[in-house]
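Letters A, B, C, D and E name the chains as they come in the text, with residue numbers starting at 1 for each one.
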Amino acid sequence: MIDLVLDILSWILLILGGACVLIGGIGGLRLPNFYARIHAASLTDTMGTILIFVGMMLQAGLSLATLKLFAIMLFLLLTGPTATYALANTALLSGLKPDAGSASDELEEDEPK
Amino acid sequence: MDLLAHLPALQVVVPMLSAPLIVLLQPRGLAWAGATASALVSFAIAVTLTLAVLDGQTLEYAMGGWPAPFGITLSVDALTALMLLIVTGASAIALLAAKPSIDQQIELERQPLFYSAWMLAMSGLVGIVVAADAFNIFVFMEISSLASYILIAGGPDRRALPAVFKYLMMGTIGATFYLIGVGLIYMMTGTLNMADMEARLGDVTDINPVLVAAGFITIGLALKAAVFPLHVWVPNAYTHAPHMVTVFLAACATKVALYVLIRFDYMIFQAALVDHQMQFALFAMPLAILGILVASAVAMFEGNLKRLLASSSIAQIGYILLGASFVSIAGLSASASHLFNHALAKGGLFLAVACLAYQYRDLRLSQLGGASKRMPWTCAAFVVCGLSLIGVPGTAGFISKWLLINAALQSGPWGWALVAIILVSSLMAVVYIWRIVEALYFQPPTEEGDVVAEAPLQLLIITGLVAILNIYFGLFPQVPLELANSAASLLWEGAQ
Amino acid sequence: MNLLELLGYFNYWVFAIILTVGLYAVINKNNLIKKLIGLSIFQSAVFLMYITMDKVEGGTAPIIQEGVEGQIFSNPLPQVLILTAIVVGVSTLALGLALVVRINECYGTIEENEILDAD
Amino acid sequence: MTAETAILMAIIVPLFGALAIVLAGRISPNLREAATAVTSISLIFVVWGLLPTIMDGGRPAIEVSELMPGISIAFKVEPLGMLFAALASGLWLINSIYSVGYMRGNKEKNQTRFFACFALALSATMGVAFAGNLFTLFLFYELLTLSTYPLVAHKGDAATVRSARIYLGVLLSTSIGLFLPAIIWTYSLAGTGDFVDGGILAGKLNDPEIGLLLGLFVFGIGKAAVMPMHKWLPAAMVAPTPVSALLHAVAVVKAGVFAITKIIVYVFGIDFLFDAPSSQWLLYVAAFTIIAASVVALRQTNIKRLLAYSTIAQLSYVIMAAAILKPLAEVGASLHMVAHAFGKITLFFAAGAIYVASKKTEVQQLRGIGRRMPWTMAAFTIGALSMIGVPPTGGFVSKWYILAGAFEANNLVAVFTIIASTVLNAAYFLPILYMAWFEREPAGGKEHGEAPFLAVLALCITAMLTLAFFLFNGPVIELESQVLSGVSE
Amino acid sequence: MIFVFAVFLLTLLVITAIAIVRAKDLFVAVMLTSIFSLLMAANFFILDAADVALTEAAVGAGVTTVIFLCALSLTDDREKPREGSRWIAFSTVGLLALLIIYATFDKPRLGDPEAPVHQHVAPWYLEKTPEYIDIPNVVTAILGSFRGYDTLGEVFVVFAACIGVLFILGVSPARKTKEVPEKDSGLRHHLIPQVVGRLVIPFIVLFGLYVQFHGEYGPGGGFQAGAIIATGVILYALLEGEASALRAIPRSVLLGMVVGGALLYGGVGVACMLLGGSFLDYSVLAADPVVGQQLGILIIEAGVGMAVCGALLSIYHAFAARERLS
C-alpha cells in the first residue's frame, strides 16, 4: 500500500522534473536573448534537479543509494547556480547589455568569451 | 631465477626506468651521461640475449609470473635478437656521438627532458620487439611514438613542428588501425597472445572479420613503417629533426614497425588466410617495387641532403618488404640481413650528415662546396657508408643486395624482371650518392675557404667507427647472416 | 533477429559511422585543432567497439559481490584494454595541442594550408 | 715470407702506402714522394719474390673470409695473374718516378690525394691479379674503378668532372648491370666461382646460353673497352698523363682484358668454348673494334685521344687473340699484354713530357719538335714502331704469335684484321714521326728544351724495355705455356 | 527498455559527432566534444563497463576539455572555411565504413555468451581472481596484476606526454614557479564562485581519494582518481589564479609526483625481481601470495594515481602559464 503511494508520488515527481527540464531546454532555444535564456537554463538545474532526485530517492527507498543521490543533488544545487552566475557575469563583463525584448545580442551571444 | 632468465624483462625495464631518473639530472652533461650509460647497458643485454639465442632456441618470459595467454609474455628469438641489436646498437652509438651536436641544437635546460624522451623511445621500440602480446605491442608502440614526436619536435627550426604534427596524425591513425585489427582478431579468437592467436585462428569459421582485421593491421603498420604510398610523413620528419635523432630513428624506427608487420603476416595470418603467397604477390610486392623505384627517383632529384637520404630510406624499406614478399626462406633472410645492413649504412650516413651540419648551417647540396677540404675524414666516412648503401662489394650493403638478387632469381618466372629492377634501383642509388660526393669533393668551396675545420672528435670517432663497421661486416658478415638465416627459417616454420 | 542482436549490429554500425566521421575530420579539415578533435572522436569510436564486444546477455559489471552465487559477469578484459587506450588517447591529445600552440606562435595561424604556404 | 703471406702483403703494402702518403703529405712533399718510392719498391720485392714459386709450378692460394657458403674472398696465384701483377708493380715504380717529374713540372694541386689514390689503385690491381674466384675479382674490379675516379676527376673543373662522370657511369653501370648478373648466374649454375684449370662451366650450360653468358661477361667488363663499351677511355684522358700512362695503358685496361682472358680460360675453359659455336661472335666483335677504333684514331688531332683509341684497338688484339682459342694465340695474347704495356706507356710518357715542356697537346703542333726534345721523340718513335709491330720491338713478337695462332686455327678473319690494323697503325703513327723529325718548326714557336729529368729518365727506361722485350721474352712464354699445359690436360 | 535507451544514446552520439565536425566555432566544438564524451560514458555504463565509464567521464569529459580550452585560449577559436573539393576524403572514409560494416556481418551477435570473446581467457580471470588475488573488482585485478605490464606501459605513456608537453612548451622543470602576470588572477573578485569553489574542492579531492583506494572494491582506481584530483586542483587554479595554485603545489613537486609515481610502479616490479619472483610478480611481496598481490596492487595504484595527477597538472600549468600571442 505505502509502497504504491510512494511509487505513484515518485513518478509524479519524476514527470514534473522531466517537464521542468524540457521547458528549460525549450526556453534555452526559443527565448530572444542571452539573459532570458539563462533564466530558462537555471530552471533546469534547480527545479528539475530537485524534483527528479527526490523522485529517484523515493524509488530507491532507504539505502546507501539514497545517500549518494542526496549528495549528488546537493552538489548539483551548489554548482548549477554558480555556473549560471559565472556565465551571466562573464557576459556582462564582455559588454553584453541586459536589454530585454531585443534579439540584438544574437551575434555576440554566439561566441561567449 | 638467475639473471639471464630476467634479461628479456630487463632489456625493456632498464631504459624505461632510467627515463624518469634522467629527468632529475640537471647539472651539465649528467643527463647525457646517464642516457648513454643506460643505452650501453641495454646494448650489452641485447648482445647477451643474442648469444643466448644464436643456437636457435627461444627465450620466454612471463610478466608477473602469469602464464600465457592469461598474462603478458615476452619472447626472444633470432629475429628478435637481430632487431634488439639494431635498436639498442643504433641508440647507443647515436648517444655516444650525440653530445656535441645536441648541445648545439637544444638548450641545456631542456636537455634532461630530451634525453629522457630518448630513453622512452628506445624502451618503446625494444618493448615492441620483445612483446609476444598483440595489445602490449600497441602500448609500447604509443610510448615509442610519443617519445619520437618529442625528439623530432626538438628540431632547430620551426618547420619541425608541422612535420611532427603530421607524423603525430598519421602515427596515431596507424596505431588506431592496428588497435581495430587487434580488436577484431580478439573478437574472433578471444585471446591477445600472438602464438595463441595463430593457433586459434585456424579454427575460426567466419573469415570476414579476420580478413578485415588483416587489412587494418597491415595498413596501420604500413603507415608506421612508411611503406610506399603511406610514407608522406617521413621526409619532413627526418629532415627537420635534430641530426642525432635522425640517426637514431632512421636506423631503427620504421624497421620495428616493419618487423611487427612481417611477424603478423607470417606467424598469425598465414594459418588463417589461405594462399598467402598470392596475397603478398598482389599487394606487398607491387608496393615494394613502386616504393623502390619512385623513392629512388625522387632522391635523384632532391636538393637537400637530409631529405635525399630520407627518400632513400623509403626505397630501402621497399627492399626489405620486397625480400619478404618473395615468401621464401631466401627472401626472408635477405630482408632480415638488409634490416641490419641498412641500419648500419644509413646510420653512418646520417652521422656524417650530423658532422657536416656542425660546420654547415645549410644542408642543401649546392651549399656544401669544399667540404672535402674542410672535413676530409667526415667526407671519407660518408663515401664509405654511401658505397655500402649502393651495395658495392666489400661493404655490408653488398651482402644483402646479393642475397636479394639470389632470392629474386629463385622466385619463379619473373625472377629476371625483379633482378633487373633491383639493379636499376642500385644504379639510381649510384646516381644520388654520387651527386652528393661530387658536391662534397668537386664543388668550388664556399667563402669559408679550405681551412680544415672538422666536427668535434667525439662525433668524428663514432662516425669513423660506423664507417669501418660497414666495411667489416662486408668482409666478415658471418654473425648477422647467421642471425638472419635462423630468423628466416623461424618465420618460415611459422608460415608453414 | 531479436532486439539484442539488432542492437549489436547497431552498435557496430555506430562505431563505423563515428570512426568515419572522425577520420573525415582528420583528413579533410584544415584547422589543426579541428583535426585533433576529429582524432579523439576517431579513437573513442574504437573504444565503443571494444566495449560493445564485452557485453554478456544479462551480465553485470565484473565486480564480484560476496556470497552472491551464479551471477553472470561481462567480459572484464576489453574494459582493461580500453582503460589503457583512453589514457593513451588523452596523452596523444595533450602532446598534439602543445604542438598546435607552438605552431600558432611560430606561424601565427593554425590552418594547415596557410602553414604550408608560409614555408 | 711464405707465398701465402706474400699474396696478402701484395695487397696490403700499397694500402698502407696510401696511408703513409696521406700522413707524409701533411709534413712535406719530399717525404711523400719518398713514401711512394718505398712503397712501390717494397711492392716489387713482394710480387717478384713470388715469381720463382710460380715458375716451379707452385700455385699458392689463401682464403681470407667466407662471406656466404660458396662465396668467399680468396686469392690464388696462377701464371696469368703473376704476369699481370709483375707487370703492373714493375711499371708503377717507373711511373712514380715519372709522376714526380710531371706533377712538379706542372705544379698540380692535390698531389697528396693523387699519390694516395694511385697507391689504392695499385692495391686493387694486385687484388684483381691474384683473385681466386669471380667474387673476389668483382670486388677488386669495383675497388679499382672507385679508386681511379678521383684520379680522373683530378683537375676538378666542370669539364673534367663531366668526363669523370662518364668514366664512372660506364664502368659502374656495366659492372653492376651486366657483370654482376653474369657472376650470379655462374654461381647459380656451377655452385662456385673459383678459377679452376679447364673451367667450371663445362657441361653445365648448353649452346645459345653460352654465347649470352659470355656476352654478359665481355660487355660487363667495361674496362676491356670492347665497342660499344669504350666511351669511358677517351673520356678518361682528361686525367694527368701519369694516370693515363699507368692506369689507362696498363693497370685498369689490362685488368679488363686480363679478367676476360682469365674468365675464358678458367671459367669457361678453352676447349669447352672452342666447341661452342655461339661463342664465335666474340672474335668478330673484337675484330670490329680493332678496325673501327683504328679508323677513329686516324681522325684524332689530340695526341692523348689518338693514343686512347689506339689503346682500344690494341686491347681488342688481346681479346681477339684469346678468342682464337688456340695455344699459340693465347701465348700471343699475354705477350701482347706486356708488349703493348711497354710501348703504350712509353708513348704516354712522351706525350706527357711534351705537354710539360711545351704545353702542346695537338698532333699538328709537333712539327720539328724532334730537334728540341730528341730523347723524348726517340722514345716516342720506338713506342710507335712497337705499336705498328716493326722489329726490333716487342710489338713484333706478340703480333707474330697471334698471327701464327690465327693461321693454326686457319681463321682468316683474324689474319685479315691483323694485317689491316697494322696498315692503319702505320697510317696514323708514321705521319707524326715524319712531322716530328723531318718538318721545320713554324716560326715564332716558344723556346723550350727537354722535359724534367725524371720524366725523361722514366720514358727512356720504358723505351729500353720495349726494345729489350723483342729478345728477352722467354719468361712470359714460359709462364704462358704453364697455363696452356694446365688447360690442355 | 534499456536497449531502447541505448539506441537513443547511440543515435545522439552520432548526431553529436556530426555536429562537432560541422561546427565552425571551435569553442562550441570543444563543448560538444565534452558532451560526446559524457554520452560515450553513459553508453559504456549501459554495457557494464563501470570503470571505463568513470574514466571516460573524468578524463574524456573533464581533463580533455580543460586542455582543449587552454589551447583555444592560446590560439584562434574560429575555424576558417575550407575551399576545394572534399570528395576524396568522402570516398576514402566511405570505403572504410563499408569495409567495417561488411566485417560486422560475421561477428558474433552482441552479448552472445558463446562468443569466443567470452570463452577463452576471460572466464579464467573471473574464476581465478578470487583464488589468486581475492579482490572483488576483476577489472582492477587484471589491470593491476594479470596485465600489470600494460598498465606500467600506460603510466609511461602519460609520463611521456607530460615531459613532451613540458619540452615542447619549453617550460623547464628546474625553473621555480614563474611569476604569472596579475591579469589572470582567477576569479578572486567574484565572491560566489569563490565561496562555492572553496566549499566544493575539498569534497572533490576527498572523492578522488575514495576512488583511489576503493578501486579494489568498486569501480575506480589510479587513473580515475588522478584525473579527479587533478580537476579539483585545476578548479582551485581557476578560482585563486595560477600563481597561488603553483604556490600550493609548485612545478617541481608536480614533476616529482610524475617521476615518483612512475618510479614507484617500476620499483615494485624490480623489488619483485629482487625477491626472486619475475618482474611485477607481487606474490613474493608478502609471505602469503594473495596478500602480496593485494599489497602490490595497492602500491602500484598509488603510483598510477600520483603519476597521472602530477602529469595532468603539469600539462595544465604548462598551457596556462603561457602568454597569449597577440
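Note that contacts are C-beta pairs under 8 Å (C-beta built on N, C-alpha and C of every residue); 3 or more make two chains touch, one makes a residue touch a chain.
Keep in mind that what you see is a predicted model, and the values were worked out from it rather than measured.
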| item | value |
| --- | --- |
| Path length in steps (a step moves to a chain that is touched) from chain B to chain D | 1 |
| Result of counting contacting C-beta pairs for B-C and B-E, higher pair | B-E |
| Distance between chain centroids, defined by C-alpha means - chain A, chain D (Å) | 99 |
| Between chain B and chain A, distance of the C-alpha-averaged centres to the nearest whole Å | 57 |
| Centre-to-centre distance between chain C and chain A (centres being mean Cα positions), rounded to whole Å | 30 |
| Centre-to-centre distance between chain E and chain D (centres being mean Cα positions), rounded to whole Å | 75 |
| Where chain D touches two or more other chains, by residue | none |
| For chain E, residues contacting two or more additional chains | 100, 104, 107, 115, 117-118, 121-122, 125, 147, 150, 153-154, 157, 160-161, 164, 168 |
| Shared-contact residues (touching 2 or more other chains) in chain B | 135, 139, 142, 146, 149-150, 153, 186-187, 192 |
| Inter-chain touch pairs (all) | A-E, B-C, B-D, B-E, C-E |
| Residues of chain C defined as touching chain B within the complex | 19, 23, 26, 32, 35, 39, 42-43, 46, 49-50, 53, 77-78, 81, 84-85, 88, 91-92, 95-96, 99-100, 102-103, 106-107, 112, 115-116, 119 |
| In the complex, chain A residues that touch chain E | 75, 78-79, 82, 85-86, 89, 110-112 |
| Residues of chain C defined as touching chain E within the complex | 1, 3-5, 7-25, 27-31, 33-34, 37-38, 40-41, 44, 47-48, 51-66, 72-84, 86-88, 90-95, 97-102, 104-105, 108-111 |
| Chain E residues touching chain A - in the complex, by the definition given at the top | 25, 27, 77, 187, 190, 192-193, 196-197, 199-200, 203 |
| For the chain D and chain B complex, residues of the former touching the latter | 64-68, 71, 73, 135, 138-139, 142-143, 146, 150, 153, 156, 161, 164-165, 168, 172-173, 176-177, 180-181, 184, 188 |
